[in-house]
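Right, I'll just put the structure down here and ask away after.
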């Protein structure tokens, strides 16, 4: 099936004239990808908030610059609300831990959800756009400029890792990641790096949101509210250290899709389908699911690729791989991003391979693995462990292989292409296997028998079980 | 209807895999959009010609660089002919004043118009490609490399404002705007800025056109003409100060579409349709409107968004907005540009909003407005008046609001996307209105009642009438 | 027909929303295309191999940088095998001389060709992906990341000129061309320029392939082979000067499409069609030509535009032009590249013209021509001879004209667009001919009669025969 998908993908490519290759910016400097050494990187900054914290990786690091991305990790404690914000570039958020709800505001889409108990004397009913659930293992796609908020209603902290694709064709400005907060008095998380970039310039170290920049009179008139409320919108009276994640006293009670009860008994696909159905409490206007606005306004925004999802590649001795691509998930097609979740058993390997059309940003979720990356000179530019919470950036066409050092090594790889294509250098469906034996023999200066071993010995696809098992299998 | 259009637009987006987001270059420098201060800019240079003049804004200014555009304004006096030229990037021309005719040469398209009295003894008849009319309020789309000329036959000077989108995917070279003149001896209008860029290099300050660079022998043979005519093509004998706009003695008499008689009685749509019909004096070859070449060779190249057009958003107390996008106008879809014409009554406001997917280059046509622009830090980076003839560049995702200071404030906003999407932060169909009340309350730290005011108090869409009227309306 | 094609092309453009314009990177520096002087460039480096050599042009030269491309030329002696490698950007290879076979490995495509005599005791049969023939005049399209190898089985050396389009939308990294070899111990051909770029850094001057960077243990397990073979894969025992082109003792015997016997009696189209049919020796699986994977896995990868092909433009006195575009050849559509082969008789001219939507990289195959190139200032930035083996880069919109100085001047022009559009400034279907006579007259300040000469005197299309003949023709 993976094979079929691939073929389908490439057919699409040609039909669409290259539509499945990401259209994105190259790194700005001529030599930004002359990387001689990669590093497994931890976040280098942490901003505390009332109900959680945000960690960031320095986006001006040359590995991030080469890949044209920025990364942050957000931890929400119970009742923590990540304040509404939008970004200047597409985001792909992976839920490492926890569950909760999120909202995304699509300008022009109808407010289809009606809160039942909210109409007051003036007959003002609270209608709003759909609110969605998320859980561990979800990938959430957030277009640039679209307001996003999220909330954790449970005891387990939510940990969300966000990739911002500043090199995207959707970002018309420079490569700096920018977060625009609608509320609060905090400094946005990437601002510090911008200050470093524009050295020598005196910069006020003060927070603010997009309302705080406007004159009070403008806002009074634009919103038809009084000065007191304006000051609150502007976050004036608020302490800065309340931050981007605030605590909701008593918890948030908004209408959300019904609780997922099926996802332990049913398959993940069914569950997801169920979530996609209209919630019970929706507008009776009846216009929903029945018009042009459906395509965007009801489009799927998340997909689970975690442990409970059905894998795309599976080998009980070695591990499992599950991907979310533009085929699964039209929003990814639009953002030209995808994600891969992998789980490797101890000593299982991922064969040497490369991404033809994407940079890969590998984030370790659990355990640790030994990873090697090789550049076009044949130099090993990474040779070390990747541990939980660290990230490794593998540029397009650079070759990577890995071996799990833990009972389970779990990772998520963000890829800068909605339909990433991978070329393997060993095993089934590898480049080696597709070459004529004589070419292998002569290219590598091998004896005939040796060439046969190179071509045929490994019959596993992508994931290789620990040696002992694999040998037993191969001779079976 | 605006709503439907939007929905349609976004549906298309997804269907086309992001086809409706502009694919363009990012600003070249890492920090070019770290703008701490915007300015309302007037043209900083003016080149006089025989029958008009061209004014330019410095394209190396960091606001223009960040947006990846260049701007010029061309004034044609009566009988002024802007000499044929092409550019290295797509152009969007707005007719601020006057009317006249223009030609665009599409290579490979047939010469469908035949001048009736031009056949001579040798039977050589003057056939040429279609010539078009333009009038005040028109947007004209000019692809890169396509030769364009225009002519004013009336007393009122023609004022045409041209945006050159150097950041376009259609420009494969660097970000400098380049104009290639087919005739004359003048220096092209952006050359001075290129000289400044390449400092220290001695540069001959001499004019020339693309023929003047070729050897005489090459041109004699290529055109099969004698040396005298070659010299004229090369503009050798001409004084440089004749310039890019020459006076046509006795006026130009070329076949153009019939005079628009309908546009005062009929609607603008009808008029435009009429203009699209074949002119009376066309080739009798019969192949026109009947073959593959139609799509490009007869494609619509202009559209009126001026005062006489029917608005997309209209509020008699506040003003009107009319846009030309890729939906109205396939040529814009190709160039990935659009335009918006706005007219605001005194004290009327445009609510705080941002463009999700475009930079906006706002040019004031008439009157003045107070404008504020806020960046992602919550800093107000513009707070001042924009007056007739000035331009303000608002980068993608930066928030802008405005209030008219004149009885009428008219502007045109060029946008670097053929299907620009706008997010409003106040009023009907705003992001605020689409958020659950509880999220507003907690994000902004408001009382319940205050949150309701923020969400519901302004029911106007985009344009807000002066306060007194708006209050009356809201309570009605 | 050329006309129809053009119209079709542009229709497609609009239908596809600009899909036919190349989406590519602009040159990185603001002023990289402020070229005041072009040069006819020879390769500046040569790396010898066992059975041939590779020559390269310096990709950091500002002309190459401006165009966003790199160029190399590979010569294979008899039995020379160019080792398998892939590149970080799309390639267009033109076969200047010789014939042979090549393979391209598409990840995920089935191994459809079965070597008949290769099954051994263990029942391991050698299946591999299709192997293709090439011959003089062929254009071969190689996507980025796709492994490519080629082989010369005949006495005549194969000379292959490769354009690497580093500015392509398919390359997400920086502008350096990168070659990833799967085997051997040589230094990749563009590495020296990268070293120059990263000055001051000590760099080991050692070769290697993508296997040599991995630890032995990783490869043993990934391929399930022993240490000896791993060392051979890594090219450890090999001398570096064996290089990228190795000699196959006794010659390579892989199954390839049947010998072309038709191409001397039949037309080129027929021949190509024949080559596209399944070879006799293919897998009996039967699934080929019968499923989704066809589109990509059996897509046409080459096309002949050489002397024996039927020309698109032909004038017996002047010469011939043949192009390979996205219409002929879907792989080019995907890579957004095209090629043009031209042949000019002595003293025949190419009229002044420019490419609206592409840079043109002109490589002289045979003979010499006098070429002039003019920029937007009207300055002649090239005025000289282009000789066999030299290359001249003409940026988008810059005007070029040429006159053959040899009995035959043959060239190939690589263009950075799959559907290049050319605008001519003289002769039939030129911009001049499509303008109204009065506009010509007034723009160029001509007498009426002179304007008529400019417009009508040259009735040739693109290619102009030597003057004497042309004059006879014009008066006929």
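In this document, chain identifiers A, B and C correspond to the written order of the chains, with residue numbering beginning at 1 in each.
As a convention for this text, contacts are C-beta pairs under 8 Å (C-beta built on N, C-alpha and C of every residue); 3 or more make two chains touch, one makes a residue touch a chain.
What you see is a predicted model, and the numbers here were worked out from it, not measured in a lab.
Visitor: Shared numbers divided by all numbers used: is that above or below half for chain A and chain C, i.e. same or different?
Guide: different
Visitor: Can you grab the rotation angle between chain B and chain C? Superpose on CA, round to the nearest 5°.
Guide: About 120 degrees of rotation relates the two copies.
Visitor: Where the centres are mean C-alpha positions, what is the separation of chain A from chain C, in Å?
Guide: Computed from C-alpha means, the inter-chain centre distance equals 37 Å.
Visitor: I need the residues of chain A touching at least two other chains; which ones are they?
Guide: 23, 25, 28, 167
Visitor: In their complex, what parts of chain A are in touch with chain B?
Guide: 16, 19, 23, 25, 28, 60, 65, 81, 83-84, 86, 88, 103, 105-109, 111, 113, 115, 118, 120, 124, 126, 128-129, 131, 143-147, 149, 151, 167, 169-176, 178-184, 187-188, 191, 194, 197-198, 201, 207-215, 218-219, 221-225, 228-229, 232-233, 235, 238, 246, 248, 252-255, 291-297, 299, 326, 330-331, 333-336, 418
Visitor: Name, in rising order, each residue of chain A that touches chain C in their complex.
Guide: Against chain C, the touching part of chain A is residues 3-4, 6-8, 10-11, 13-15, 17-18, 21-34, 36, 66-68, 167, 349, 351-352, 354-359, 372, 374-381, 383, 395-397, 399, 401, 403, 416, 421-427, 429, 431-439, 442-446, 450, 452-458, 464, 467, 470-471, 474.
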